[in-house]
Every structure is written in structure tokens, then in C-alpha cells.
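We call the chains A, B, C and D, going by the order they appear; numbering starts again at 1 in every chain.
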Amino acid sequence: MQTEPTIVDTPLTIAGKTFNSRLILGTGKYRNTEEMQAAIEASGCEMITVALRRIDFDDPKSRSILEDIDWSRYHILPNTAGCATAEEAIRVARLARSMGLSDWIKLEVIPDPKYLLPDPVGTLEAARVLVDEGFVVLPYINADPVLAKRLEEIGTATVMPLGSPIGSGQGLPDFRQIQIIIEQANVPVIVDAGIGAPSDAALAMELGADACLINTAIAQAKNPAGMARAMRLGIEAGRLAYLSGRIPKKPYASASSPLEGVVR
Amino acid sequence: MQTEPTIVDTPLTIAGKTFNSRLILGTGKYRNTEEMQAAIEASGCEMITVALRRIDFDDPKSRSILEDIDWSRYHILPNTAGCATAEEAIRVARLARSMGLSDWIKLEVIPDPKYLLPDPVGTLEAARVLVDEGFVVLPYINADPVLAKRLEEIGTATVMPLGSPIGSGQGLPDFRQIQIIIEQANVPVIVDAGIGAPSDAALAMELGADACLINTAIAQAKNPAGMARAMRLGIEAGRLAYLSGRIPKKPYASASSPLEGVVR
Amino acid sequence: MQTEPTIVDTPLTIAGKTFNSRLILGTGKYRNTEEMQAAIEASGCEMITVALRRIDFDDPKSRSILEDIDWSRYHILPNTAGCATAEEAIRVARLARSMGLSDWIKLEVIPDPKYLLPDPVGTLEAARVLVDEGFVVLPYINADPVLAKRLEEIGTATVMPLGSPIGSGQGLPDFRQIQIIIEQANVPVIVDAGIGAPSDAALAMELGADACLINTAIAQAKNPAGMARAMRLGIEAGRLAYLSGRIPKKPYASASSPLEGVVR
Amino acid sequence: MQTEPTIVDTPLTIAGKTFNSRLILGTGKYRNTEEMQAAIEASGCEMITVALRRIDFDDPKSRSILEDIDWSRYHILPNTAGCATAEEAIRVARLARSMGLSDWIKLEVIPDPKYLLPDPVGTLEAARVLVDEGFVVLPYINADPVLAKRLEEIGTATVMPLGSPIGSGQGLPDFRQIQIIIEQANVPVIVDAGIGAPSDAALAMELGADACLINTAIAQAKNPAGMARAMRLGIEAGRLAYLSGRIPKKPYASASSPLEGVVR
């Protein structure tokens, strides 16, 4: 008897690099290093993002986050969290590359500290400069299909729309614009903020997203390693459901047990 | 390094019988027997429900659904799908037990063929009679917390509220009353209809449901075995997230990368 | 030029009595009598519900709520709020009629003090008795289409499904079962709890509800009279929209300015 | 007895011009001129938007939309519907002004014909140019709080976020980002697309929006004049509710009839 579904997935490919895991982890807000390491391990992730502004490039001793992770096992994705303008983000990205860290950059241009929503114009400006300089740019954006298309056109490696504000755990309360982004994209679409539980991650993948980036929902869970594994399963579930072809939503019921039987 | 989260779950226990899987499968609407068998296998389920009205107890040759499944591996849960009144449901349950099938019964009293919504009064009446006769009764109900409490009080083994109408695939569009049922219940709560994708199943489990019963969303998926495995993963994800303690939903953002760093 | 739409509505008719207003007001939780009276006036309502348990029938001096309202202008609808069982509700209704108050009764059987959700079985039992005794029965129920149909069949004058729990102000977070109730009903459908703002009331009316009963959202608003008028407008807006035939919801956009023009 | 709430609203003021009506109408998609005129009349609106691309400035005979409306009674708001780029929008706005039509412009830069979503970058570019040239600019945008803030900073007279795609009638399925826009704005916020029924318009106003622009939901209703009046009432209801201070949403119920009574 057949014991496994015959569905074969292709790996996620970003800028020519392939990943078997479709879950990307952040490194902020863990209560301690042990919890972070256990969560990373349990998540099965292959790419981890690190805020460049938390690294003191002048003082090697302070580079704790870089030393806490075994970078031979994980692809590092530096990010520009904390940069309020295109200029800041560009400068930080260049510095990271010049230090030999990476030429990949998760681009965040976030002027507003309360809702942490990204600046569409500043993001596009910074992306243009960084793409021109040879960076592999993964921009964090509001769920704006026209902006996503423009970023793709200038050569970003992905687009990373938010599900809801960073750290809010609200999931994807309205996913229609994310659906449009997915429908129109020729680069991977990574849902990047707001995921609070595996059901949110599964939903993003069922819609056809290529990956999810998750930080707060794992780091701040009561049991980060447990939640990391739960997110891994949720993403696998959603991806497999996407490939398996879900039933349409119907306004009416539809009997699961058609009654051709004879017992009356 | 710790490679697995240390969370240990207790098995699902219904009427003294334990189950490691929290996914229960239906057997209706598969396109063919092979797809059904592959889906059951891929789902990892341990309990399967069968509509009694599809079985001709007078003609053993017609009992195909019973012959298509290896009942040494799965716990059978007969159901009264197609019964519009308490009387019909009681009669069918008795017949099944007298034939030696089971004294467990998934109780469905559904007068309306369009939306397939259950009758609260007929269900309570039939449950009372069947519990008194020693049946293990698992009643299918609308998400009505007071009805759920009344059924528990008369001795049903579980309550099985719907997420949305049978076969609709709408998921749990409003789960507040299911949350109340879970909060108040002393018996297992099984979400029983409307689940369309793993994100729905994960959500039910994250809310604290004890199990999910899924039929149409697997049977009518393009690849039923793939979807069965996806649902299995979704349920595991949701359960593990429930045990791991999710973050609260917040109206505001909360930075994942607090900026104690020094790069300016 | 035509200055008014040519839509003519029929009045709401309950048990042979007609009402031009489709807004029914409760009398609980006002901060003082003046605010209540101003709100009633601003609402344009013609029917007001009063909790019988707040009236001391043995002490005429205590019947303040009855004295605070000019009952020559408003139809009184006594209710059984605070009754946890069918027996209590029946007894209170009989007492009110014997005192000459009314033979109309808004039937509430609510065993649970936390969520204030109605008991479907107790409500049906009490309704059966009271209808048999000649009462005009308006039962408060969860949004359960099968229960609504059963109540109509035994002769209740309306059905009154909740939008969300009493006083919660959550509106109608999932209105599908209310839509089904409306589709199947031959008696007026009155949405009776959870309305928090005019948008909720308008939505109920757009779905085809015949009226709304509102209490907390008006009584506890900062300005009850202002909110009462706002609710009145919301109900008129929703009713008129229902009669005017709204556009369907579409997943895609549809240009409002088709471009047959010539400027290029 | 007080018969009217004592709430006094201030009029809507845009670029120094005041409006008593908070409903702005579009002129596209009406089935005929009579229906349009009746709807405008019934709406009580004081400002009407007209697509410039539907006007042939070279052929006065073709300027039907301008002749169909009594412009002594309504403020004209020309719009750049059908312009896919900033350049086009700028050119059309200049042409309209040079023809003496108006120096107000509802700015739409919409590259995508399927979802009709606005281009954030093109809109900001065009707004900058037009503000510099002295236009009163009302830009149509996705519900992006950072973009809204940037537009306000360069001097637009309003911001006009969408509720959902143009003509979709989906309302405001997720209004959190609109709430943020309202919270942060120092110019009027006008919800500009997706409103399908008065409940949507009322909701926008309850959130604190200053006005709504509606076209398809009125023009394509079965009875446009009826729906226009319904929208007018919905907007008045929502505005009055906003000023009256709605109750908060609560997860639990809260009895409307506290039981200090004595009947047992």
C-alpha cells in the first residue's frame, strides 16, 4: 500500500541558491541564547536573519549574535532593521558587505517606531541603489502589489510583504493583496511579519507564498523550541496543501456521506 | 545541542480509549477506493467514521465500505448521517450495534438538506436515549455552548461543534463560540465540519480543540493523500503551538530587533 | 427633477401589529433616567423592552422603569432577562400578564452568567407552553437556523438571533447562519444582541433582517441620544439598501470610469 | 423633553472649502443620465468627481458628463482615472486646468487594469509636481500609512485610501491600516474605493474617516437613487456614532438588564 503521497516539491530558489526549508528565522527578542539555539534547531531552517545594527563592527568582542550561531550550517541574511531612511539602510548594507558578512540584504526602511510599517518610496530607492551595486536584495514591504511589481522589475531577489505589523501576531487578517502579489510575482514571495501561530504560516503557504519569515511568534512563545517546530510543521502543511489542490470554499453545505444506502 | 522540543503531549482519550492521532477521517465522497486508502494511510489517523445508511445490513455483499478498510488498524466510528430525526438516528444506531459493528456512535440529526445543519433538540433527545442504552455518543452540533454543556451533562463522550457547514470548506470564520465550548468542556471537543485546509485545522487545535474530523477537504482535494498528510501536519502544528504557548495578538507592532546596537 | 427615491417599504408587522420603526430599544444600563428618555426620543422607536425581574409587582412604588416611559406612545415588550430555566421564564411571563402588563413576551432563557448565551432546549420548551397559553412570543436565540425553524413551527411571532454575545459590541462577526435564518423564515427576524455601532445595525438590515433590538450600545455610549439617532439612521440606511439592491461582492476590481474618452 | 441629540459637528474642510455633506459621488457606470441625476439628488452630496479622460476637450459637443450636472450646485472634482503613469496624470491635470475646469485634482495613477491598484511611487511623484504647480491634490492610495504621511508632508489636501479594490464592493475587510492613517493624519482622510453598502460607509466614518467617495455601489445598484440615499444615511449614522462615542468591543457578554429586581 502506498504510504506517502507522490507529491514532489521543488526547492525554494533565491538568487540561484536553493533551500529545502521554507521557514526563515529571525534572531531578535529571545529570552536567552539557549532558547534561540534550541528554536533554530527545532525549526529546521536554513536561513537566519540578523539585524546589522545590533553588531558592533568596530568591536569584534561584541559580535555576540554572530558567534551564537553555527554559520557553517545556516545561510546568513543580514537585515537593516532600525534604519529609518534609504540612506541609512544603504550605508549599513555596504558596511556589512565590506566586513565580509554577506552581499545578501533584507532591506527594511522603517520610519515609524509605533507600527513599524515600511516606507514604500525609501525602500524602492534603497533597493535600486543596492541592486545596482550587486547586492541580493530582499525587501520588506507593505502588501502593495504595485510596489511589489516595481521592486521585482528593478531586480530584487524576492518581495517580502507583511501579513500584519511586526510582532503583532495578528496573522493575515486580509490576505487579498498578498494573493495578488503572489499571482503577479516572478520572484519568490516571502510573508514577513505578523505571523502569530502555525495556522497563519499554513495559510500564507496555502495561498502560494514561497516562504515565511518568523521571529517574535517563536522567540516570545512560552516554549520557543516547541513553537519553532510547530511553525515548521505548519509551513510544511500549508505548502503540501497548496501542491495538493484544496477544495473551493462554498456558501452552501455539501454532504460528505451521499445517501445511496438502503437502511431506512 | 537540544534537537527536539521537550513538550510531551498526553494522548486523546475518549470513553477510556486512547488515540495518538488527533485527526479523524470520514469515508464519503472519495473518487475511488484507492484514493481513499492512500489518504487514510497518509493521514496517520486511528479512527474512521462510516455512514451507517450506506451499509446494507441485509446484504453482506454490499458492505463495501466496511471491506475497503482494514479494521484491525482503525477504530470504527459509525455515524447517523442522513437521519433527519431523533427516531431515525436511534434506530440506525441500534441496528448497527445489533449487527456487532460498534457501540460508538457519531450522532447526526440533520433535518435540512441544503445547509446540513444539525437539530439541537433532536440531537439532545437522541443522545439521551442512546447514552441511557450504553452507547458511546459523539454528537455533531452547531457551535452552541449551552447545548454542548447540556450534552456533556447527560453523558456524551465528546461534543463535536461545526466550524462551518459540512463540505463548505469555509474553515472557522467565527470561532468565538467554539472557544467558549472549549473553555467550558470537561469532555473532548472535536471540530467536525467546514475545515477546508490545514490552516483551519491548525487554528482549531491552537484554540484548544482536542481533535478534528475531516472528510470533504481530503476526499475532494486534487491529491487526497497529499492533503491527508497536510492535514496531519496541520493538526500536529496546531496542537504543538497550543502546548507551546502562543504570543498574544497586539494592536500595535513590536520590534523584533530591539536596537541596542551601535552601528549608526 | 426627482428628489426622493421611489422606494416604498411595508411596515414591520408582528402578530398583526404594525411598526414604522425597525429599531427596538432596551431599558437597561442607562446612567440615569434623563439619558434613557433622550435616547428613546432620538431613536424614533415604537417598541421598548423591559426586564420583568426589575419590576416588583408587589410594591407599586418600586415600578420605576414603568413610570419613566410614556406607554401611550410606545408598545411595551416585557422580557424574561435573568431567567435561567424554562420554568422561571414561564412563571415570570404569566405573572406579568396577570398584572395586566402585556401578553407579549420577549423570551430569554439564559443559564450562563458569563457569556449570557441562550439555552436552545429551555427556550423551545418555554415557547411551546407560552404559545399554547396565548402569549405573543419573541424568543431570543443563538444564530441556529434549525432552532429558528422549530420555533416558527410552534407559533412564535418572531425569531431573535444574536449577532454576538449580549453587551459585547462585537457586531455580526459571522453572519452566515443569520443569513440562513432570514432565507428560511416566515416570521420577522430581529437581530437582538451584540450590535455595537450603526455599521452593525446597517449590516443586519442589508442581510434582510426585519428589525434590530439594541440596548447596551446606546445606553453605554458617551452620548446615548446621539448614538440612538445614529442607530436609527443606520437601520434606515440598511433597510433602504436592502430594498435598493446592492451590488455583488467581486474578487476583482471593476473600473468606475470606463475609458471611452479621447484624451490621451 | 429633549428631542434631538446635542451633538454639533464641524463641517468637512478641504483646502479651505467647507462641505456639509461627507459623501462624494462618482459619475461612472450609471445605466443612464436620469439614474445618475436622481442618485446625485438623493445623495445630498456637494462634490462630484468626473474622469477627465472621458471628456473630449477638443470637441465641446462631446462634453456630455459636464453638461449633465448642474455645476452651480456641486463642486467639481476632476480625476485622472485611466492614467497609468505620473506623466499622464500630470498632463491630464494641467489640461483640465488650462481649460478652466478646476485646479482641484483627484490623483489616480493606476498601472494595473485588473485590480486597479494605485502606484505609490508614481502617485507621490505626480503629487509633488502638481502641489508645486498650485493644484489642490487629493491622491488615491492603497491603505499605506507611511505613504499617506509622505503625501501629507508634501502638501496634498487629503489622503484617499482604498477600503478594497475599485468596484469590488468588498467594503473594508481589514481596516487596521486605515485606522493608523486616520490616527496619524493632519489632513482629511477620505475612504475612496470598495464601499459596497451603507454598513461599509458607516464603518469608515465610525473609525474616524472624514468622508467617503462612492461610485459603483450606487451607480450599479438596482435602484441607484435609493442606494444613494441609503449611503447618505449610512455616512450620517457613522459620523454621528463617531461623535457619540461607541462602546468598546468586549470578548465577554455584559448583561443589559442587571438584576436588582425582586421577582423570583
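Keep this in mind: a contact is a pair of C-beta atoms (placed from the backbone, for glycine too) under 8 Å apart; a residue touches a chain by one contact, two chains touch by 3 or more.
If you want to know which protein each chain is, UniProt gives these names: A, B, C, D = Thiazole synthase.
Predicted model, so just to flag it, every value in this text is computed and none were measured.
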{"item": "Proportion of interface numbers common to subunit A and subunit B (over half same, under half different)", "value": "same"}
{"item": "Whole-Å gap separating subunit B and subunit C, where each centre is the average of the chain's CA atoms", "value": "35"}
{"item": "Where subunit A and subunit B are represented by their mean Cα positions, the distance between them in whole Å", "value": "32"}
{"item": "Length of the line joining the C-alpha centres of subunit A and subunit C, rounded to whole Å", "value": "46"}
{"item": "Residues of subunit A touching at least two other chains", "value": "115, 117, 165, 170, 176, 251"}
{"item": "Graph class of chain-chain contacts, one of line, ring, star, complete, other", "value": "ring"}
{"item": "Partner subunit C, residues of subunit D touching it in the complex", "value": "1-7, 26-29, 37-38, 41-42, 51-59, 62, 79, 81-82, 92, 95, 113-117, 165-170, 196-200, 202-203, 206, 215-217, 219-234, 236-238, 240-241, 243-263"}
{"item": "Residue numbers on subunit A that touch subunit D, as the complex places them", "value": "111-112, 115, 117-121, 124, 142, 144-147, 149-150, 164-165, 170, 173-174, 176-177, 180"}
